[in-house]
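Okay, got some structures for you below.
Presented sequentially are two complexes of chain A, the first with chain B as partner and the second with chain C.
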Partner chain A sequence: MPTITYTQPNGTQQTLEVAEGTTLMRAAVSNGITGIIGECGGQAMCATCHVYVRPEYAQALPEIREDEDEMLDCAAAERTDRSRLACQIKIDAELAEIVVDIPAGQL
Partner chain B sequence: MSVVIIGGGQAGLQVADSLRTEGYEGKIEVIAAESGLPYQRPPLSKDYLAPGKEPVPLPLRGASFFAEKNITLHEGVPALAIDRAEQKVKLTEGSLDYDHLVFATGARNRTLSCPGVSLPGIHGLKTLTDAKALHAALPTARNIVIIGAGFIGLEFAAAALAHGCDVTVLEFAPRPMGRALTPVMGDWFAAAHRSQGVDLRLGEGIDRFEPGTDGRVGAAVSTTGAFYPADLVLVGIGVQPNDTLASNAGLETSNGIVVDEMLRTADPAVLAIGDCASFPSAHGQLRLRLESVQNATDQARHAARTVLGADHPYTELPWFWSTQGPYRLQMAGLARPDDDMLVLGDQAAAKFSVLCFREGVLSAVESVNMAADHMAARKLLAAGARITRTQAEAEGFTLKAAGRAPVVPVPPCSAAPC
Partner chain C sequence: MTPQAARCPFHGDPETNRADTGRDSGGQDQQAANHSRQASDYPVADWVDVAALASDPYPIYARLRAESPVAWVPQLNKFLVTNYTGCHAVEQDQEIFSAEVTGATMTRAIGARPMLRKDDPEHSADRAPMNPVLRPKSIKEVWGPVFEGNAETYLEKVAEIGPKEADLNRDYAAPLASQNLIDLLGLKDVSVEQVRRWSHDFIAGMGNVLDDPAIWERCDASTAEADRLLEELIPYYRQTPDASMVSAWANSGLPTSNVAANVKLTISGGMNEPQHMVTNMVWALSYHAEQSALVLTDPSLWAAAFDEAVRWQSPIGMYPRETTQETILEGVRIPAGAGIGVVVASANRDAAHFGDSAADFDINRPKRPHLAFGSGVHLCAGHWAAKTSIGQLAVPMAYERFPRLRVDEQRNESWDGWVFRGLTSLPVTWN
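Take a look at the complex of A and B:
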C-alpha cells in the first residue's frame, strides 16, 4: 500500500497507509491530521489544504492547473515553489511514499 | 460546565472543534440525527455523482477526532425538545444538561405539492442517502427533468450531462439562481448551460408528474402544458430552516432562528449558527440566513468565542462557490439586484468577473473561472477597501493588482473628488 508522511511545523511526522487514488487532502482529513482543513471538499476553492511537497517527489506530481495556481497565491502561509493544494494530488504508484510538510496556518 | 450542540453538520462539528481549540474544558456533546460519521455535503452534487464506482463520502472530521478532542457524538439521535428553564435537551431516551446550547440544525429541502410527486424516481438531494440513490440511478437514466435552476439543480444538471443523459431544467423564475446572482451572471449561466446541452426552460414551473408503464415517474408536465419524458426527476427548489425545535422552546423564529450579532438568541445561554440561523448582517442587508460552508464555519468559530465570553459582533464577509461542469463560480460579498454592475474579463471565454457597486463603491464580486479575482475581492471587501467604479473602469485595472496594493480606505466623497 502507498504511504503518505505528513510533517507538522514542529517536526513530528505521521505516516498513513492509504489506498491508491485517494488525495493528500482526503487522507489527511479522514485520519485527523492536524493542519489540513479541506473546507471546500476538494474543489480547489478554499486553499485550506496547502502543503509543501518535498522536492524529491516534484517530478511525479501532476501539473498545477490554473485554478490551483491562483488559489495558492492566496493561501494563508507563504507560497514557495514546493506549494501545492493537497486536494489536487492523487496518490498513485509514483507517489507511493510521498512526504509533505504542513504549513503553520491555513486560515 | 457543558455545551450541547444540536446538529452534527458543518457548523455543529466546527463549533465543537473551535471550543476545544480555544481552550474550553467542559463537556461537549453533539446530537446528530443522521447516523454514521458526519460528512461534507458540497461534494454530493459534484464529484460524488461522477460516472464510476460509488465514491467514499468525505468526512467532516476523522473518526479519531471525537476521542482525541474529548467530544461526545450522539449519532443517529434526534433532539426532541428543549426545556430552557431546566436547561435540558430531551432525547428519545433520557436528556442532556447544558450551560450553553447551540442550534446547528441546518435546513431541510422544500417539498413540492403537485400531483404525482410521490412517484418512485423523483429525488431530492440533501443527504448522503439521497446522493447514494442518485449515484445508483444515474447510470441507467436517460431523460432527466430537474425542477428548479438553483445551485443544486444546475450542479446536478452538469453531473447528469456527464452520464450522457438528456437534461431538462424547469425554472419558474426568469433567470437561473435568481435569488443569489446578479442578472448579468444569471443570464450568462443560462446561456452557458444551454451551450453544454441543457434544455433550460425559464418561466416554466411544474404542474404535475405522470407515471410511466412501470409505475415509476414517466413524464413531467409543466405549467405551460408542455410534456417532458422523464425517468429520473430531481427536485431542487430550495430549503427551509430547521427551526421548529427552537420555536417550540419559545425562541423567536422568522425564516430561521433569530439571533443577535453575537449569534445568541434572546436566551443568552442559547445560540444558533449556520443554515438554521437568521442573523443581523454587517454587510448591507438587514437580516440574513445564508446556506454556505463559509457561513457555517465562520459562525461556528465565532459562536465558540461567544460561549467563552467574548462579545464581538460577527462580521465575516460572506463568500460562496459552486462548480457546474466546466464553470467554477465564486462569489465574494452579497450582490443586490439594484447594484450597479461592471463586467471585467472575457465572457465568451468563460473567464470573467462581475463587479457590483453600491453608492459607487465595490460591494460584491462574482467570478467565473477567475480564482485570482475572487481571492483579491475577498481580501479587499473584508478589509473595507473603497474601490470606486471609476477606478475599476480605468485602463489596466485588475482586482488582483488592487488586492496586492496596501489597502487604504479612501476618504468619503465630500473630502475627495470622485
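Take a look at the complex of A and C:
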C-alpha cells in the first residue's frame, strides 16, 4: 500500500498506509495527524492544509494550479518552494510514497 | 517553481502571525470519537425550552455539553450536537451526515435545491464556479475598494444621524451588508431595501416548519421577483462577464435553475451574518475596554478581533444534517434518517477545545480552529469576503470615523435568536 509520512515541527514522524485516490489532507484529518486542519474540505479555499514536500518527491507531484498558488500565499507559515496544499496532492500509482513536513502553524 | 514575491492580502506581515504550534487540529479528537465506547440508548434532553434558547442559548448549551453533548431534543425533533469534537466529526463525514435533509423548507422557500442542501459531487458542481470570485485575491483586489466605498457611504449617514440617535444595526450594519452583497453578486437595479426584504422573506420561508400560508405567500412573491431579475441578468452576464458571483455562475455551464437557487441561497445567507458581525464586534469591544484599546493602537489585531467575535457570538448557531445510516457519534447510537442539529455556537464555547476561558471574549487567546463558518465542504463560501468587508473595513473604519465609538447605555440594545443570532438593535454613541 502507498505510504505518507508526516513530520511534525519537533521531528517526530508518523507513517500512514493509505488507499490510492486519497489526498494528503484527507488521510491526515481522518487519522488525527496533528497540525493539518483542512477547514474547507479540500477546495483550495482555506490554506489550513499547508505542507512542505521533501524535494526528492517533488518530481512526482502535479503542477501547482492557479487556485493552489493563490491560496499558498495565504498560508499562515512561511511559503517556500517546497510548499503545497495537502488537499491538492492525491496518492496514486505515480506517487506511492511521500514524506512531508508540517509547518508550525496553520491559522 | 512557485513565485515567492506574491503576498497574501490577508497576512500583512507573516512574522506577526501567532503560530498555533503544537496544538492539534481537532483531528485527534475525531479519531477518539470514531473509536468511542459501545453506544447506549440515546440521552433525551426534554428540558430544553425553545423560547429560552432564543433569548439566551448559552446557559442551555453549557448544560447540554456537560450532561449530554449528543442528545435527542423532542421539541426540535432533532439530535443536538453541542460539543466541538461531535460537531467536527459530523462535518467531516458527508456520507453519514448528509446536507440533503428531507422536507427541507429551504428547498421549498427558494424553489430548488441549492448547494447547501446537496452533497458532493452535486454540491461541488454548484460551488466550484464561484470559489475563484471569493478567494482572497479577488476579494482584496476587486471587491475591497467596493466594500470600502460602501462603508464610507453609510458612515456618512450615521454621522448625519448623530451620537444621540444612531443605531449601528439599523443605520450602518444592515444597509451596508445589503449593498456589499448586491455588488458582490452583481445584482443590478435593485435597492438595499428590496434585497433586504427578499433575504428576510427567504429566511422566514426556510424557517416555516409550521407551514404558515402568509409566510409562504411573501416568500413566493420575493422568489418570483428575484427570478424575474435573474432571467435578465444571466443572459446579460453571458454577453458581458465581470468579476461578480452571478457572472461566474452564468458562465459556468450550470442550468439556470441551479444558478437561481444558489443566488437566492446567497441572498439569504450572505447578509444577516456580516450584518450581525458589525454589531457583535462593536458590542464586544465596548464591554472589553482593555482589548478595545489594544486593537485601536495595533490595527494588525483586527483580524484576531473579528475571529474571536465570530467564535464568541456566532451568527449562525445551528445548522441541520440528516443521518443516511445508523451511526455512533460520541458514544451515542443514532438511528438512520435522524435529524441532526450541528450547534456550532455551542462547540465554539467548548472548554475541552478552547480551554477554561472558552466563555470569555479574548482576542489574545491562542489560535485554535473554530466552527463559526462551518467546516468541510460546506465551509462558508463567503468567509474571506466577510473577514475583509467587516473585520478589515466596516468596523475599523467606524472606529476611525467616530472617536470613542461605544454602546450607548442610555438606550436599549436587544439580542435575538439561536439558529441565527444577533443584535436586532444597537444604539451607539461617540465623542
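Just so it is clear, the second predicted complex is superposed on the first by the 107 of 107 C-alpha atoms of A that agree within 3 Å, B and C clash if a C-alpha of one lies under 4 Å from a C-alpha of the other, contacts with A are read in each partner's own complex, and residues count from 1 in each chain.
FYI, a contact is a pair of C-beta atoms (placed from the backbone, for glycine too) under 8 Å apart; a residue touches a chain by one contact, two chains touch by 3 or more.
Small disclaimer: the values here were computed from a predicted structure and weren't measured.
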item	value
Partners on chain A (chain B, chain C) - clash or fit	clash
Which superposed partner A:Arg79 touches (first chain B, second chain C, both, neither)	second
Touched partner set for A:Gly41, first chain B, second chain C, both or neither	both
Partner chain in contact with A:Gly105 - chain B first, chain C second, else both or neither	second
Partner chain in contact with A:Gly32 - chain B first, chain C second, else both or neither	both
Superposition-derived comparison: chain B or chain C, residues of chain A touched	C
First, second, both or neither for A:Glu70, with chain B first and chain C second	both
Which of chain B and chain C A:Pro9 touches, first, second, both or neither	second
Contacts on chain A seen with chain B and repeated with chain C across the two complexes	29-33, 38-45, 47, 67, 70-71, 73-74
Partner chain C, residues of chain A touching it in the complex	9-10, 28-48, 58, 64, 67, 69-81, 83, 104-107
Residue numbers on chain C that touch chain A, as the complex places them	1-4, 6-11, 14, 17-32, 92, 124, 127-128, 131-132, 134-137, 367-369, 373, 375-379, 381, 383-384
Chain A residues touching chain B - in the complex, by the definition given at the top	26, 29-33, 38-45, 47, 66-67, 70-71, 73-74
Touching residues (chain side chain B, partner chain A) in the complex	40, 42-43, 46-47, 58-59, 61-65, 68, 293, 297, 321, 323, 328, 330, 369-372, 375-376, 379
